[in-house]
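Can you keep this structure in mind? I'll have questions shortly.
Labels A, B and C are assigned to the chains in the order they are written; within every chain, residues are numbered from 1.
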Amino acid sequence: MTSIGTGYDLSNSVFSPDGRNFQVEYAVKAVENGGTAIGIRCKDGVVLALEKLVTSRLLKKDANKRIATVDRNIGVVHSGLLPDGRHFVSRARDEAQSWRGTYKAPIPVSSLANRMGSYVQAFTLYSSVRPFGITAIVGGWDAETDVDVDGAVGSGPKVGAGGKTKGVKEGGPYLYMIEPSGLYWGYYGAATGKGRQAAKAELEKLKLDPKDGECISLEEGVKEAARIIYVAHEDSKDKDFELEMTWISAVNGPTKGRHEEVPKALKEEAERLAKAALEGEDEDEEKMEK
Amino acid sequence: MFRNNYDNDSVTFSPQGRIFQVEYAQEAVKQGSVVVGIVSKTHAVLAALKRNAEELSSYQRKIIPIDTHYGIALAGLASDARVLSNFMKQQSLSSRLTYDRPILLSDITSRIGDRAQTNTQSYGKRPYGVGLLIAGVDAKGPHLFEFQPSGVTQEMVACGIGARSQMARTYLERNLDSFEDSSREELIKHALRALKDSLSQDKELTVDNTSLGVSGVDEPFKLYEGQEISSWLETTFENRPEGQDGDSMAVDS
Amino acid sequence: MNHFPQAWGRPRDDVYGQYNPSYLPQSHGGTQQPITHTQSPIVTGTSVIAIKFKTGVVIAADNLASYGSLARFTDVHRLKHFNRKSVVGVGGDVSDMQYLDRLLKSLDVEENYSTGSHTAEESETDPAMMGANNLHTYLSKVMYKRRSDFNPLWNALLVAGLDEKNKPFLASADLLGTTFSGPTMATGFGAHLAQPIMRRIVPDEAASQQLGREEAVQAVRDCMKVLFYRDARSMPEYSIAVIDEKGVELKEKEVLENQSWDFADKIRGYGTQTV
């Protein structure tokens, strides 16, 4: 940050002589202080997980949910300034609703990511606004089965003109991460927030790329997500935290293509394993030292 | 004139990713007199310390009933609170009119949160200079929410905001475990004691400077002021057995 | 000076020439047609009927969408499942029904923003879930707003289910924004043909609190049969839903059984009869 104080970092939408937009970079700093958020794209679904730092003992436990539902099949987790995250979510919901209004069908995750990328980018263009102080991870499942258009009555012709094409298969799990600049990529595993470095290192160890053969299942993904959040929390051990996890499975999977919170039993199991894995690591380290 | 170059407006991030204007707005909350809120399994209670500008003037309004099932307590700029409370009243009525159901407290809280957020992201606007405690009972039971000028909203078991509210929060944290199963009367006493703890030494809670908002399952939100609260003040502070909570009360009488 | 009212406030013809009234409606000498909205439904569904019983509500409607007197679509589902507490039955214009269905779907999505990031088990018992009464209030406001805009949704609706306190709830709303409720309800021809039969079984609220689920279902099935006998815009395939504490049980491919057309033996003058 050599250019701090030169005046090029005082207003949004202004380039510095070396071609940087400092206000966007500062917005990224706001994200880097937030709790770790991750998303994992598994074979048969998507997991979203969040390290929720407990800032006060007076907070109600297990309330204050931060992973939001945007459409039935899409969830968003974000790290950074909380109110900016809610602004993002509320816009995403509007986009999803307006898509349904136009196309009478749910918005594909890729289209939502695209629209939200454009929206976030627009907040880097003008000096009258500031960029979003969040990085958002958008995960969802595009239905692979034939979906009726909204409001359909009856089933239409079974064969012939207007009938259904056999064997057509599309849809599946999708995961995108949108940054304060408006930049977004599709991911197999995405991480942001304070512990993103550790989380990324762990994500890279997982089998997530379909090109490398079978990638991990949704249930494995849930357990890995819990473990990664616990690992990422290690460095900032000072504060207490709550783990929040949601998932979206295939239409024939456990959530029936919907974005839901991970069931209590499974989450507790995942947390137990995560803690055990951490303790195991510590023991290993101790052994090494000996 | 300014502390640094990054605190002129609410659309500029500092190099650390902070927005100073928003942080300054939070300071305005600390200028207001203290308010406290607590929930139990069955009740939600607000308690507030009212100030008067001068000896002969009236006391400010600190607790505003919004709908029959909930109300708010404010600390900071009262006029900003009026804008927000009017908005909350409209939204609450519209829920009753359109769906014939009382609005959920989580819903109304996030709506004012979203409104406050827009003030922190565009030039020419300023953040609200008020913090709110929103307490009441909805279909999901009793709730207490805290609202901050930044747009952050959080559901709490107990909370205190405003001048010297740290002392109230210390009291609340110390008694945190007893709130859930408290009766209505016990909860009110806890709220009054927490409020009392953040008073400066030369001040006392009186029927003139204290207000209470109480709501419960099957009990609509009601504001209690003046003589209505005298018996609560008496039973909470006068006839307390020796030794109980002695440390916090030793300074006054 | 021209004293005719249509000339008031207008430029004088003798100074500015003939006034061009073409933008005015016909009633004022212009050529504009008045704005008109739906004057009649196009593709329509017929009656919806429902009965409240001890612990819930039964509701039914057949699967036909008629185009005038033509039986145009025969697999149209007119009972809309909203959540585990409510079902909406729709009669009248089918495209307006589709609009309402989309409205319901987006309302459901919105409702689940707050409860959505909950586990499936939690949302089963969500105390803040919309009851059928809340849904009915909402729909009646929609219908009333549209009629006040002179642009009505050409439907008659029955909202059936459980209210916030899990008590059986049944009420109607129609294209005029009028609402009604009662232990038995019917729209369209059902109001004339089925309602008397249902009222014989359930004359009042007290009677419906005595009525069992099986009896209620049977009464509705009997009524559907009578409606098919006498309503020329009906068909023998129908949907039926039962809503109670266990949730919604919706069947969309029921067929009338044990039909007997004996009563029509003496009816002459219709169809292909020659004698």
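Simple rule for what comes next: a contact is a pair of C-beta atoms (placed from the backbone, for glycine too) under 8 Å apart; a residue touches a chain by one contact, two chains touch by 3 or more.
Chain-to-protein mapping (UniProt): A, B = Proteasome subunit alpha type; C = Proteasome subunit beta.
Not measured: the values here are computed from a predicted model.
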Taking CA centroids for every chain, report which one is farthest away from subunit C. B
Looking only at C-beta pair counts, which chain-chain interface has the most contacts? A-B
Whole-Å gap between the CA centroids of subunit A and subunit B: 33
Could you grab the centroid distance between subunit B and subunit C? Build each centroid from C-alpha atoms only and quote it in angstrom. 47
Averaged over CA atoms, how far is the centre of subunit A from the centre of subunit C? Could you give it in whole Å? 41
Complex contact set, residues of subunit B against subunit A: 5-6, 10-19, 110, 113-114, 116-118, 120-124, 144, 150-152, 154-159, 169, 172-173, 176
For subunit A, which residues count as touching subunit C in their complex? 65, 67-69, 71-72, 75, 93, 96-97, 100-101, 104, 150-155, 246, 255, 258-264
Under the stated contact criterion, what part of subunit A meets subunit B in this complex? 1, 4-5, 9-12, 22-23, 26-33, 56-60, 63-64, 81-84, 86-87, 90, 123, 127-131, 133
Touching residues on subunit B, where the partner in the complex is subunit C: 97-101, 104, 106-107, 138-141
Of all residues in subunit C, those that touch subunit B in their complex: 114, 127-128, 130-131, 133-134, 137-138, 141, 164
